[in-house]
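Labels for the chains are A, B, C and D, by order of writing; each one numbers its residues from 1.
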């Protein structure tokens, strides 16, 4: 059993966690970051660049900068394969037990694998454990896992990242459909929130498809196109020309003769169906799988959507020296997550400052 | 010329390379220990053992991330690649190094000009980080906020301002120039005007709401924040009709939509008031936005989607007409009450509107992923809150926190902020550098170019464009770059090609490919540069004349350059060089620019393979 | 194992084959069905014009069932759905319960929560289990193919049915069919509604709705369409000829009840499962079981 | 041309106050219901979303008098796919109840109460039926019309009359 002491412990090594470590370093505050997996970078590691004629501001490339800076900052120590299993607070200090996770042999040069059970004594803790993509199997009607050619937007992303686009029959599809809000804006699932990033994410991918496979027709099933920055509003009219925007939530995706068949209502309210070579489900962002355990461990509330941190001002007030950064707190994009980590880091620093002052006066 | 030694630091990716053999091939001696005049180290500075770092303090050392340059393939090939990279670095190390000369210490005081949550939060954070802060507010006290901020929250935060924060009441920022470490600001207060020097400046002017231009009668149409008195209600026989407009010409921002929904809810809650919410897209991408939108519908608000630009406004808003998209029928409404939601906005400070002194807004505040968190292209200047269109609340706190940390880092981490060296003997005061530097580093002093002490990001655009070779960030002058280029090309085998790779994109992608064991074409010399913008025509021509058959420049995608236009400039120069080659009959295909992101290694590998194969 | 049987309006008058086969299958599986003697209409037909009264009618049946302490099973999907929904509503809303009981009082009845209402097939699935059913199969219906029709109220609304089978990807009837050794056919219009609900309001519409499935299965060629609801039967069997005429199609889609298939597979004779009473006769099946 | 000033803002609340009607106001017009409606597939003029819309706008008479509301087959497809839990099948039941109160129920619907009051069921059971049942070894079925007549508040004679009508 090893014992480490640090002003701040960060749980989660995705962009938010790494950013939090860097933000603390920029403030001169040392930290220890514990990532349960073998590598830093989280889900963003699997995201591809979606620039076509120009950068679309997705921010996926920022991971490179972050990791490069992280490597050069002596204030931040990174531990991989380290899972927080227990935590208790004593005398204003969190004692968090990290347990080593099985090594799958994918070591990250920036992180040191946790060798043994370790207790970290930290004055503040930042939870940056990310999100869980909605499991589209819960929306049986969209055919995921049953209908060939139906995939998640993340799976499509991985494919596009390899420069490949194949549909239900293993061939480049003549048409691609995106179905938005799968798992978002859905009272029947209890997910009564917009996942914020999916419109931009899907349309950026649509742009990539139109660039790489110009003959492919793209249809975008949606309810409302969400904003994504000023240049986005300028780009939307062009997208509307290149892509078929259908304002309707499809009723069902079933196996058709030539690929997945999407049934939806036309502008006249009449049901119709169309077959696509590939259907991508833009699954929403849901609270991290560990949200329940962490909220219990750290005595932290969850907001009404189930994400960590109930009070909007939590990142400042930081009850008990626990702060939340990135998508663990709610759906947000990559750049937003990076910046959100600055708020958590700033708040953590303030809590150290306050604790220091109290100690000096006490 | 100093004799250069190779200091071998073993790193993942360097396995199987024999240090002695690499040194021999590169024409260096392997570190004999003890005092040495100059060195190439096979690791980035942060990864080298402390002993090596202290040994080399003040020495001309080239910290080479060799593992990010070699790649995979047969041992012989990897050896050749390593030797070329080491030779390239040695070429520069051999020139020795200039001691860093600081013309001025960066000023540490931070100016926060503005009011409201963003301003107070930024002042507070910067103060906590130990900076003296002047919070110049247009109001009588720090706690006062613009129309777009929650007054209570601002008061709460203002009450917690640390002692380092000095509040300058009723102050106006009249003039601003300079960059990080050396801003000059003219502040007008009731006590008179004062000129002060600041290390960093945060602009966070008080904001308000900008109502959309719909030809509405201001007597009828009120901002959503300004709803009619509570008592106003209809009767069972005569319901009052209220309308709330939330972005019908162009979709509302999520923030404006949320405020419109709140207003609609408030109106609908009154007795016998029927509220219709008009919008073109339901922008629910805000925390709790979807929930409140549903709440409003549940309360009885009629959600009316109008095609963008499809709202017909007559009689100043007393008659509204639109087509109901679901029924495909015309609908009209004569509202008794009308509330309008617009995006947050703040007036552009007058000095920023001066096109001679300040770049246009899109160049100053580029909308790229590298300019979030309040950052602007001008080093040390942060624009946050309403002026940037940032939604009230947490998003402004985020910006304030990010800006404070960034400015602190910039003003205190001397090693990260080199000051360009200017050879005044060569300088013709043509102001090219002043013009091309996006970060505002060089400015014309009384008789020479002077550089802000904490502003340079070493993109090297000044050096690339300076016709007199008079200015360069330390380590990136033409002689240094060319020495490396020549030395590296001399050790490259086969068909020689140079890949100039931007540190934000190309070089990162290259290193990633090396980690994956990618085998690079023989004769390819990687030349990492801080920004593609450093690669001017001269460097390209020099590479060609030093034996390279082709030059590829890999820079960021449009709109993703840390220095705003380094990528575009590089592409322009590559194009010009290619055109010149064509005129000379040498073939324009020898020079190519590649747009790239750091996470596009595959694209880089394919482009390089294709490029090199065409060189024959 | 015992259960209370609720027959409803249609089954005991028009679908004796269904009733017969269900009773025999229950017996073979060791399920003792006790008749709810006072049964009548479940209230469903009245819902569209007066759902308050419909609820009281449903509550009447539930009140009568309560004393037995047995789970209530219905052969008709609409009955099962209506009674389950009424139970759900009344159990959860005290005020509603009081109001309903006021109206039941003159009949000497009082509703009390606690009757578990299920469709007969669901009851078999959950209480007997496919394993036990397979164990009773003595005569595999190999070589035959049946297209299951789930209908609407057997599965939906899933809030009431509790999602025992996924309405979007239903499997339960197919698993019964497969338990008999026959092939369960997957087909495009499997989830379509029979249209029975609008037969009274608009016969053309109802015919068009039922016709869609009949036309697909006619073209596909299955041994029979397999049902579990007398309402659906009205459309697919009772109206088949009329629908064919209306749509100008020669429809010849045999129709059976799933309970009949289970019975045959368990060794019951065609007569015992009332196969004679089927009007859209499953000729292949009849031929095979002639002897 | 619809004038919102001439619509009945109270109509949606009226529908919502009926049992099962509460979900109507939650609709955000995603059209999933229309996509899955089997009736819409056969009847061009039938569109669940349209009925919801007209109700929300307060077109009381237009909705209640529309013969379209009686075309729902109550298959619950719309209810299952609705992401906002509008429960349109139940909402439409609420609307039909209001329409019936306003006297708009179609003849076929009107007969039902009479049948139930007369026989306690939709289909009469005579001796003929019970004989047939007996042949097959099935227990006899009794009519329980009186209970139903009492619940429905219809005198048995009136029930008979209704049936004949």
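Here, contacts are C-beta pairs under 8 Å (C-beta built on N, C-alpha and C of every residue); 3 or more make two chains touch, one makes a residue touch a chain.
What you see is a predicted model; the values in this text were computed from it and never measured.
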Looking only at C-beta pairs in contact, point me to the busier pair out of C-D and B-D. C-D
Whole-Å distance, subunit C centre to subunit D centre, using C-alpha means? 21
Subunit B to subunit C, mean C-alpha position gap in Å, rounds to 66
Cα centre of subunit B to Cα centre of subunit D, whole Å, reads 62
Once you find the CA centre of subunit A and the CA centre of subunit B, what distance in Å lies between them? 22
Multi-chain contacts only, two chains or more: what residues does subunit A have there? 141, 185, 187, 223, 247, 252, 268-269
Going by the contact rule already set, what residues in subunit D reach two or more other chains? 26, 28-29, 49-50, 77, 84
What positions in subunit C touch 2 or more of the other chains? 168
Strictly by the criterion at the top, what is the full list of touching chain pairs? A-B, A-C, A-D, B-D, C-D
Given the complex with subunit D, which residues does subunit B contribute to the contact? 239, 241, 272, 274, 276, 282, 293-294, 297-300, 302-303, 305, 324, 326-327, 329-334
Touching subunit C in the complex: which residues of subunit A? 140-141, 146, 252, 254
Considering the complex alone, what residue numbers of subunit D touch subunit A? 26, 28-37, 40-41, 44, 47-50, 77, 81-85
Okay, in this complex, where on subunit C does subunit A touch? 166, 168-169, 188
How about subunit D: which of its residues touch subunit C in the complex? 18-20, 38-39, 42-43, 70-77, 79-80, 87, 89, 93-94, 96-97, 100, 105-106, 108-110, 112-113, 116, 119-123, 125, 129, 132-133, 136-139, 141-144, 147-148, 150-152
